[in-house]
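In the two assemblies presented below, chain A is common to both, partnered first by chain B and then by chain C.
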Partner chain A sequence: MIRYVFRRLALMIPIIIGVTVLVFTIIWFTPGDAAEVLAGNAPREQVEELRRLMGLDRPYIVQLGDYLYNVFIRHDFGKALVNKTSISADIVMRFPKSLIFAVFGILISVFAGIPLGVYAALHQNKTGDSLATAFSLLFVSTPGFWLALMLVLLFAYRLGWLPPYGMGGVEYWIMPVLANCFHGVAIITRQTRSSMLEVIRSDFVVMARSKGLSEGEVIVRHALPNALIPIIAVAGMNFGGMLGGGLIIEKVFSIPGIGNYLVTAVGQRDFTAVMGGVIITSLFFSLVMLAADLGMAFVDPRVKEQYSTARRRK
Partner chain B sequence: MTAAKGTAAGYQRPPGGGAISAQARSSQIRQVIGRMLDSKKAVIGVTVIVLFAVLAICADFVAPYGVETMTGDIFAPPGAKHWFGTDDLGRDLFSRVICGAKYSIVLGLGATLIGAVSGVAIGSVSGYYGGPADEFIMRCIDVIQSIPGVLFNMALAVAFGGGFFNTMLALGVAQIAGTARLMRSSILNVRKMEYIDAASSINCGDWRKITRHIIPNAFSPILVRATMSVGTVIMSAAGLSFLGLGLPVDSPEWGALLSSGRDFIKKYPQMMLFPGLFLLVFVLAVNMTGDSLRDALDPKLKR
Partner chain C sequence: MSAIASRGMKKPWARGLAAVLAAALLAGCASGGNEGGQSAGNQAADGQVVSAAQEGRRTKATVALASAVNVFAPYSKWNPYLGIQYAGVYERLAEREQFGSDSFQGVLMKSWEKVDDVTYDCVLYDYIVDSDGNPFTAEDVKFSVDKAHENGIADSKYIESIEVTEPYAFTMKLTDSGVGIFEMVCETCWMAARAAFEKSEADGSICAGTGPYVCVEFISGSSTQVEKRDDYWQTPELTAVTSRANVDVIVYNTVSETTQMAISTEDPAGTQICAWLNESIVEDARTIPGVTVESKESIQMKTIVFNASEYSACSSEALRKAICYATDNDALITGALSGIGYAPPTFGSPYAIGYNKAWESGDYYNYDIEKAKAMLAEAGIPEGTVLKFYGPAGAETEKTGSVLASCLAAIGLKLEVNAVEAATQSTYLNDLASGWDIFIAATTLKGPYLIQSYSYYCSSVGLNNQVNGAMWGVRDDDFENLVDKSNSKDGAQADLDAIHDYVVDNCYVYQWFSNYFTCSYVDAIKETVTNFKNNLVVGACEFSADYAYYE
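Showing the complex of A and B:
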C-alpha cells in the first residue's frame, strides 16, 4: 500500500508539470501581457522597453522553460504584477481560509447527504424518497452564488440575524458554508441513492437479511460499504471543486481566500498571480483526488487488488 | 445494460441493409420515448424547456417593453405595469429576463454542441485505435482534469476574451476533456462486442465501423451527459458573467442581469430574484429531462 501511495505521488509530478505548461500556454494566448499591465498607460516605446527588460520578447518555448525552472527548481512563483507581493506567500496566507470553508462544506455534505440518500433508497418511490429526490434535484440546479445572495437577502438584510459579509466569528461563516454545501449535499444524496439502489437488490444483501441480521446492520455492514465507491469519488470531486470552485461565493461574502484572490487577479489582469493560483489549487485538487482514490482502496479490497495488478487505473 | 441492448440491435442489422437497421433503431427510439412519456419528471421537464424555448424565440413579441427601453420608472416594484419591476435605468425587468432566455439557451446549446462533437471525435479515435495516440490523449485529459473545473472555465474565458461567442467557445472547449473520456470508456466497452468482430470479418472499414456500429451503440451515456451539460453550461456562463468575465454587464443574459443587480440587492431585490429564478427553473427542467432520459435509456435502474 505504501509503495502504491508513493507511486501515485510520483505519477502526480508529470501531471502537475503538464498543468503548468497548459496554464502557461493559456495565459500566453491571452491578449495583453505583463508589460502592458505594469506600464499602464505609458507610451508605446516604454512598454516595448519594459517587455525587453522582463524578457517577454523571447520566444514562447524559452519563456516556458524559464517559468518551469522557476516553479519547479527554485519553487518560486514570482511576484504579483500589481501588488508586487510574493505569490507563494500570498497563497499560503489565503489558503487556510479556503480550506476551512471547503472542509466544513464537505463534512456537512457527507454527513447530511449519505443518510439522506440511504433513506431515499430504502423508501424508494414513497413520500420520503420523493421529497429527498426533489430536494436534491432542486439544489443541484441552483447556482451557488445566487443561493448565497438570496441567503444574504433573507438572513442579513430582512431578518438581520447574520452579518452580510466579511470575516470574524462563527456567525460570519454560517452563510458561506451553507451556500457552498447545499450543492454538495444534493449531489451526494443523488449518488448515494442511486448506488444504494443498485446494491440493495444484490444477493449478498438478501443473504445478510436471511441470516437474521437487523436491518440497520444489513445497511451499515453490508450494503453501504459496497455502495460507497462512487460516493467517495463524487465526494472527492466535490471537495476539490469547493476548494477552488467556491470562488464566486468567496467573492460574494468577501472571504479573503484563494478564490477571491484569483478573481481579483483576473480582474487586474495580473497574469503571474493567476498562473500561480491556478497551479497551486490544481496541486491540492490532485492531492484530494488521490486521497479519494486511496479511500476507495481502503473500503474495497477489489479496488486495492486492481491497483496492485493493473499498471494504471484508467 | 446499453451494451446488451446494443448487441440485440446490432445482430438484427445486416451489413449494408438500410431498411431493417433503420426500422430496428426507430423502434428502439420509440421505446425510449415511450418510457419518457411514462415518467412525470420527463413530461414536466420537456414542457418547461419547450415553454422557455418558445418564450425565447418570441421574446420580441411577448416582451411588453424593449430590452433597452428606459421607461423613466426607476426601481419600480413588481406590479401590474411592470411584472418584475424595473432596474436602475428604468428598464422593464420582465422584458429583459425573457430576452435573456434567448442568450442563455443558445449559449448552453452552442457550448454543449462544441464540447460534445469534439469530445466524441477525440474520444472515439482514442478508444478505437488505442496505442500511443490513446496514451497521449489520455495523459492530456488527465492534465486538464487536474485543474478544478471552475478555474479551467475561468482561465479559458480570460484567454478567449469576453462576449457572447467567445464565452460559448470557452465553455465548449472546457467540456471536451470530460466528454472525450466518457466516450472513450464507452467505446472500449462496445469494441469488445461480437458484432464489431462480425463487421471486421466482412471487411468493414474503420470509418464505417466507427460511425455506423460503434458510435450509435456507445452513444447513450454521451446523450445523457450532453443534456445535463446544457444546464451546467448555463450556470457556468451565469457565474462567469457575474464575475464580469462572460457577457458584458449590460447584456440581458441571466448572469449579467444578476451581476448588475448585485449592488441593489438590499433595497431592490427584484433585480436579483427574478433572473435567478428563471435560471433555476430552466436548469431544473434540463436536469429533470436528463435524469429521466438516463432512466429511459437504462431501464435496469428503475425496475
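Showing the complex of A and C:
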C-alpha cells in the first residue's frame, strides 16, 4: 500500500509539471503580455524596453525553463504584476480559506448524502425514497449562487441570524458552506442510492443475511463498503470542484479565496498571478484525487487483497 | 465544526446529519442574536436616537464597496476602490480640491515654485508625522517616487528625478514640459515614510501613512477597517478637504455581488454607505426610506472610435458622421443604461480645465435620421453594408451594441457586435487591418487639463500606444500641430477651441456616453465628499449631529 502511495505521488510530479508547461504555454500564446500590463498605454518603444528588461523577448523555451526553475526549485511564483505582492504569499493567505470552505462542504456532503442515499435505497419506492429523490433532484438542479442568495435573504436579511458576507468567526462560514455543499449532498445521495441498490441485491449480501447478521451489520459491514467505491470517486470530484469552482459562492459572500483571486487576476490580465493560482489549484486537485484513490483502495477489499498478493509474490 | 462532525460520525447517519445541520444553525443563531447580523455591518444600539456627541462612543461608518481591494500599500496602482479605501490613510504631495476644480491645494507640500518648464522647487511642511510617529521628510518623497517608478505607477514616469536640497525641501525635475504635468504627478503618488514602508516589509504589517486615519485591519479582498488618529499632524485650518476626518471608524466591506449590494442598501442600520450601485438596483434604492441615492459623474467617457484608416469603410468622413447622426442617445441612456448615465453635449469633459461651455451650443451630431441618411448617401455606402463593432466583453457592450445596431438599421446599415476580452483589446485596436470599423473605448481624464486628455488619446505624439498615429488609426499632421501648440506654455484657449472644432468637424471619434457612479447613504450623512477623481472620501463626508451609528 505504501508503495502504491509513493508510486502515485511520483506520478503527480509529471502531472504538475505538465500542467505548469500547459498553463505557461497558453498564456505565452495569449495576445498581450506582462510588459503591456505594466506599461499601460505607454508608447510602444517603452513597452519594448520593458519587455527586454523583463526578459520577455527571450525565446519561449528559455522563458519556460526559467519559470519552471523558479517554481519548482526556488518555490517562487514571482510577484503579481498589478499588486506587486508575492504570489506565493497571496496564495498562502487565500488558499486556506478556499480549503476550509471545500473541506466543510465535502464533509457535510458526505455525512448527509451517504445516509440519505442509504435510507433511500433501503426504502426503495416508498415515501422516504421519494422524498430523498425529490430532495436530490431539487438541489442538483439548483444553481449554487441562487441558493446562496436565498440563504442570505432568509438568514441574514429576514431573520438577522447570520452575517450576509465577509470574513470572521464561524458564523461567517455557515451560509457559504451550506450553499456550496447542497449540490454535493444531492449528487452523493443519488450516487449512494444507486450503488446501494446494486449492492444489496448481490449474493454476498444475501449470504450475510442468511448467516443471521442484523440488518444494520449487513448494511454497515457488508453492503456499504462495497457501494462506497463510486461514491468516493464522486466525492473526490466534488471536492475538487468545490475547491476551485466555488468562486461564485466566494463572490456572493465576499470570501477572499483562491477562486476570487483567479477571477480578479484574469480580469486584471495579471498573467503571473493566474499561472500561480492555476498551478496550486491543480496541485491540490491532484492530491485530492490521490486521496480519493487511496480511499477506494482502503475500502475495497479486492484492492487491498491485490496489494497483499503483490507483497506475498515478492 | 470538526467536533460537531466527529460527534455526528458516532451516531447513526441520519441523526448525524441532523446534528450537523442543527448545530450549524444554532451556532449562527447564537452569535447572530448579538453581533452576527452586524459584524459585517454596524447597527446602532436598540432604539437609539441619541446625540453624536454621546460620550465614550466612537462613530462608525460601514461602507459596502462593489469591488475588492487586494493590497494595502502606498505604492500601488490606482483604481477607484483603492482610491476610496486609501483616502485618509495615505496622502499626496498636492491635489485639486475636488472633481472638476481648478484649485490646486498642497497636502504634504507647503509651497512650490516653478524654476523652468520642467523644474520645480518644492517645500514640505516640516511637522509631518505618520501614524507610527515617523517624521516625513524630503528623503521620503524621493523614496516614494523611486518606489512608484519601480512599481510602474503610470504617471510617475514624468518625474525624472527628485533632488533633496534640504530636510524638507526638494527639487522635482520632470521629463515633459506639457501642460498640467506637475499637477498630475503631484496627484499621482501616495507618499509614505521610508521607515514605515521598510517596517511593513519586514514584519508584514500595513504601512503607516501620514493621513488622518490609520488602517487597523485589512483582509485582502474582503474588508478594511480604518480608525481616526488622535495625533494627525496638520492643523485644522490647513487640513486639505480630503484629509478631514469626520467619523471615528470606517469599515469597508467588499460586496461585489449585485443582489448582496441591493440587500445592503436596504439595511441602512448595517451599512451606511453603498458604492457603487449597479444600474439595475438604483431605482429600488431610491424608494428606501431614510436613504439618499446620489449619482456622480464618472471620469470615464465611453467613446466611439472609428477606424479611419484605409482598411475600413469608416475612412469616409461622411459615413462617420452618418453613424453619429443616426445614434439615438436618449434610447441608449434609457434602454442600455437604465437612465443612469448621460450623453455629453460636445467633445470634451466639462470637469477638465480648458473646457469651453460655449462648445455646447454647437451641433454635436444630435440625433437626426434625415441628416444621417443624407450623409450616408454622400458617402456612397450601399444599404445593407455590414460594419463591425468591437467592445470589451461584458453586458455593457452587448447592450450598447444592440442599441447602436438598431439605430444603424434605421439608415440601412448592419452592425455586427463583437466582444473582446480585455487581454486582447489593444491587439485588435492596434491592428487596423483586423476588420474593426467601430470600437467603443473607455477614455479617462488624463490630468486636470483637457489638453492632457486630448493629447493622450488623440495624438500620436501624446501618450497613446497607437502605432499608426492617433487612436483612430491615421496620422493627421494638421491635428498634431494643433495639439503641440496647445500643449505648450504658449497654448491659449483659442488653440483648445481649434482642437475641439477639428475633432468634431472630422468626426474621428464621438464621445458617446458616460455612466454615473451611484451611491446610496443614510440620511444622517448630510453631504458626501469626493476627491479630484470623484472618488468618495468617506472620512471627509459631512455627518449630521444626529448620526447615530457607533462602533
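The rule is short, and it goes like this: the second predicted complex is superposed on the first by the 303 of 314 C-alpha atoms of A that agree within 3 Å, B and C clash if a C-alpha of one lies under 4 Å from a C-alpha of the other, contacts with A are read in each partner's own complex, and residues count from 1 in each chain.
Heads up, the rule we're going with is that a residue touches a chain if its C-beta (ideal position, glycine included) is under 8 Å from a C-beta of that chain, and two chains touch if they have at least 3 such contacts.
Given the structure is predicted, the values throughout are model-derived calculations rather than measurements.
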{"item": "In the superposition, chain B vs chain C on chain A residues touched", "value": "C"}
{"item": "First, second, both or neither for A:149, with chain B first and chain C second", "value": "both"}
{"item": "Contacts of A:30 with chain B and chain C, given as first, second, both or neither", "value": "both"}
{"item": "Partner chain in contact with A:251 - chain B first, chain C second, else both or neither", "value": "both"}
{"item": "Partner chain in contact with A:107 - chain B first, chain C second, else both or neither", "value": "second"}
{"item": "Which superposed partner A:161 touches (first chain B, second chain C, both, neither)", "value": "second"}
{"item": "Partner chain(s) touched by A:267 [first = chain B, second = chain C, both, neither]", "value": "both"}
{"item": "Partner chain in contact with A:137 - chain B first, chain C second, else both or neither", "value": "first"}
{"item": "Which of chain B and chain C A:86 touches, first, second, both or neither", "value": "neither"}
{"item": "Touching both chain B and chain C, residues of chain A", "value": "30-31, 145, 149, 152-153, 157, 251, 267"}
{"item": "Residues of chain C that touch chain A when the two form their complex", "value": "1, 5, 8-9, 12-14, 16-17, 20-21, 24-25, 27-29, 31-33, 36-41, 68, 70-71, 73, 75-77, 151-152, 154, 157, 219-223, 253-257, 259-260, 263-264, 266-267, 270, 422-424, 426-427, 456, 463-465, 467"}
{"item": "Residue ranges of chain A in contact with chain B within the complex", "value": "14-16, 18-19, 22-23, 26-27, 29-31, 137-138, 140-143, 145-146, 149-150, 152-153, 157, 194, 197-198, 240-241, 243-245, 247-248, 251, 262-263, 266-267, 274, 278, 281-282, 285-286, 289, 314"}
{"item": "In the complex with chain C, residue positions of chain A that touch it", "value": "30-32, 36, 38-44, 46-47, 50, 82-85, 90, 93-94, 104, 107-108, 111-112, 114-116, 118-119, 145, 149, 152-153, 155-157, 159-175, 177-178, 251-256, 260-261, 264, 267, 269"}
{"item": "Complex contacts: residues of chain B adjacent to chain A", "value": "138-140, 142-144, 146-151, 154-156, 158-159, 161, 185, 231, 235, 238-239, 242-245, 258, 262, 265-266, 269, 272-273, 276, 279-280, 283-284, 286-288, 291, 301"}
